[in-house]
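Okay, so chain A shows up in both of these, paired with chain B first and chain C after.
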Partner chain A sequence: MDYSVQTTDNGIRVTLTGRMTLVDHDKFRAVVDAIEKMQGTACEFNLAALEFVDSSGLGMFLIARDVAMPKNVEIQLKGAQESVRRILQIAKFHTLFTVLD
Partner chain B sequence: MSGGPYPWSGGTGQPSPQRISFADCRVLVVDDSKFNREILHRFLAWVGIGRVEFAADGQQGLAMLEARGADLVLVDVDMPVMNGLEMCRRIRSNPSWSDLPVLMQTSPASDPAGVNCFDAGASDIIAKPINPGECMARVRLHLEKQFFLRNLADFHRRLESDLRLARSMQLSLIPDFRRLAAVGARHGLSIEGHFEPSDELGGDFWTLFELGKGKVGFLVADFSGHGISAAINTFRFHTLIERINPMDYAPADWLTMLNRPLKDLLPVGQFATCFYAVIDPVEGSLSYAAAGAPSPLLLRDGTATLLDASGLMLGVSNTPLLTSDTLPFPPGSSILMYSDAMTEAVDRGGHLLGENGLVRLATESLPGGEGRLARLLARFDEVVARPLADDLTAICVTRV
Partner chain C sequence: MAPVPTGRFRIAGHGVPQGLLAGVAQKLGLGIDGAETDSPPDLLLVGDTSADELRAALVRGIGVVVDADDPARADGVLPVLGRPNLIHLSLSTLRAFRLELAPLLCEALQCRGWIAGDRRPEVELCVHEAVSNAIVHGNLGIQHGPSEDPASFDRFYAEVRMRLADPVRAGRILRLDAVWDGAAVEVQVDDEGAGFQSGPQALPSSPAAKSGRGLHIMRELSDGVSFDRGGRTVRLRFRR
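Here is the complex of A and B:
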């Protein structure tokens, strides 16, 4: 997995690319740090270029949520491809996150 | 962030490496000159070597090595009876000495770059006339290298045997072939299971329960991640289900009861996907509850359908959101429960097998008599690329 973080009008946009799996935990730490430091109310994960997410990857989103909630930051999961969308759907992630097309 | 709840927090840096004790090292000096032996003895004493032994030629040196061993051998090249090169070759021809550091004193006039010594298998050379500082540094270096290599090899061996033991402990949590056959025979079911961690240990778990009144419960769980931490969670889970018995509870109620302690137990980011089904051969029904599990596959009258097993994984929220349903399960029906490694397997063209791929394989291989899961896994192996990235569990239950 690769990632980039950009500032937006109301928060940050995190773009994830490639495969998000167990080995990405350390990399994801930087994303969590960015959420901890961010200003604004929205953290948008752009998932359009994310090819695959496994259970560890879902766990990373839950960690991001845990950090965002006390700051009243909304986490948006946006633009997931079909296979990733299916995994989010099975996990009923729309009940925990704002899932957008 | 030390001590925090996330996977990367709580580390206190690298443990300090063990130090080598030169006083415990044994060095064998092989040199025909008494004067040289005394000089070398003094250098080795300065290094702090505790035990220094002497031989006057290669043959005597080999005999002493054989009798008492050594941590390092310091050999002269030119000696009567058996010279240093021949001694070194013989040391290397013995597999138990293949890593033994052998330092050769060589004369730049006869072997300028020490090529003959290295050819014979020397670990290093010390040029004559011997410089005390160089000699001491090389002895220290090779003893330290040897020490760390041995430590690493010991650690590796210990870890390997620990993991082997842990693996057999994990396998003992899973019902074995005999139990499947016995439970199946009592309830008119054919039960086949496959459990395959991707590393020595895995985060998958499955078991079955005889619930009374002819009902049989099947529980399949997959903890996030894999390897040791996920495996430890399967043992915690096993303890939990021993304590909170499924008897008489509706599937969704029971999973809800398991969720609460898991939520307290698991750090943020760890969870279990879960599927629990109760087959009632008397009623001819299958009731299930699911928490974010891969869609089980139901095969009735040759038609495969995927069940909705979505839901918040166990351990994520205090208010679990499960999917539950009750379906007819007449004789001849099969249900295939599996972990995500099955649909997330990649075919030889690099594409995910996916749910559609699995439905195709299952429709081809499940109909027919005994050995349904074995046939499916054989087809699976024809299609997907090994090794799998995750733990694979698959259970096929058929009403006969």
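Here is the complex of A and C:
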């Protein structure tokens, strides 16, 4: 997995690309650090180029949520490809995150 | 039991010393793959190989792959050499972790026409979850995933890294078999861990649980999941 972080009008946009699995924990730790330090109210994950996410990757999104909630930051999961969207549905992530097309 | 045919089968190596390859070939009665034929060898002995090299070998049609760190295991694959409906990989835990086997296997399944392209993402995710469970909870012996405590994620991955550095745990073998029956493919993952009790409930405790989704994902996306050997074997079925 690769990632980039950009500042937006109301927070940050995190773009994830490639495969997000067990081995990406250290990289995602840097994403969590960016959420901890961010200003604003929204953290948008751009998932359009994310090809694969496994159960460990789902757990990483939940870590991001744990960090965002006390800051009143909304986490948005946006633009997921069909295969990634399917796993988000199976995990019932729409009950925890704002999932956008 | 029918005698094992040898001689007509060929072996090749990736990242393997020639002496080791020659020794295994002689012990098993196999020819060493050369440039005289375009057909793939029947058995690949892998040492320090890359994912791209292994992918290319599987796509080329090699059906049986054995880890060079444990060449004695090659004895056990003689009966399955030359079977066109089977893919068998027997690799150390460390090599299986580094190579990330699910996408490699699924590319081979798709190339052989055993899965359709539109099923590949869900097959790949199920195989990936089964292999990850076999590595982490089976061969590395880490019983539980991260808990609700956010810091437990860091501790969990530190534990994975530490156990992968332990030669005993990292050297345990993970077997991955795929068998095509003409209508569906059955993927079997075997580990050498302590096993687990699989109950009917595979759902995590809540959508916010940090771990425990693997079995649920496999049950949702495959056409059948079953366990054997006290949880050290998982079988996944996928209709084409």
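As a working rule, the second predicted complex is superposed on the first by the 101 of 101 C-alpha atoms of A that agree within 3 Å, B and C clash if a C-alpha of one lies under 4 Å from a C-alpha of the other, contacts with A are read in each partner's own complex, and residues count from 1 in each chain.
Note that in this section contacts are C-beta pairs under 8 Å (C-beta built on N, C-alpha and C of every residue); 3 or more make two chains touch, one makes a residue touch a chain.
What you are looking at is a predicted structure, and each value in this text was computed from that prediction instead of being measured.
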- Task: Consider chain A as the common anchor and indicate whether chain B and chain C clash or fit when overlaid.
- Result: clash
- Check whether A:56 is in contact with chain B, with chain C, with both or with neither, and answer first, second, both or neither. both
- Message: Between chain B and chain C, whom does A:100 touch in the aligned arrangement: first, second, both, or neither?
- Response: neither
- Task: Considering only touches as defined above, state whether A:29 meets chain B (first), chain C (second), both or neither.
- Result: both
- For A:83, decide between first (touching chain B), second (touching chain C), both and neither. both
- Message: Just checking: does A:91 make contact with chain B only, chain C only, both, or neither of them? Give me first, second, both or neither.
- Response: both
- Item | Selected from 97-105, 133-141 or 313-321: the stretch of chain B that, after superposition, runs into chain C | 313-321
- For chain A, what residues appear in both contact lists, the one with chain B and the one with chain C? 21-22, 25-26, 29, 52, 54-56, 58-60, 62-63, 66, 83, 86, 90-92, 95-96
- Message: With touch defined as at the start, can you tell me which chain A residues reach chain C in the complex?
- Response: 19, 21-23, 25-26, 29, 52, 54-56, 58-60, 62-63, 65-67, 82-83, 86-87, 90-93, 95-96
- Message: Quick check on the complex: what are the chain B residues that touch chain A?
- Response: 5-8, 222-227, 268-271, 273, 292-295, 309-313, 316-317, 321, 340, 344, 352, 354-355, 389-390
- Using the touch rule from the top, collect the residues of chain C that touch chain A in their complex. 100, 103, 121-122, 124-125, 128-129, 132, 136, 145-146, 150, 153-154, 157, 160, 207-211, 213-214, 216-217, 220-221
- Item | Of chain A, residues touching chain B in the complex | 21-22, 25-26, 29, 32, 52, 54-56, 58-60, 62-63, 66, 83, 86, 89-92, 95-96
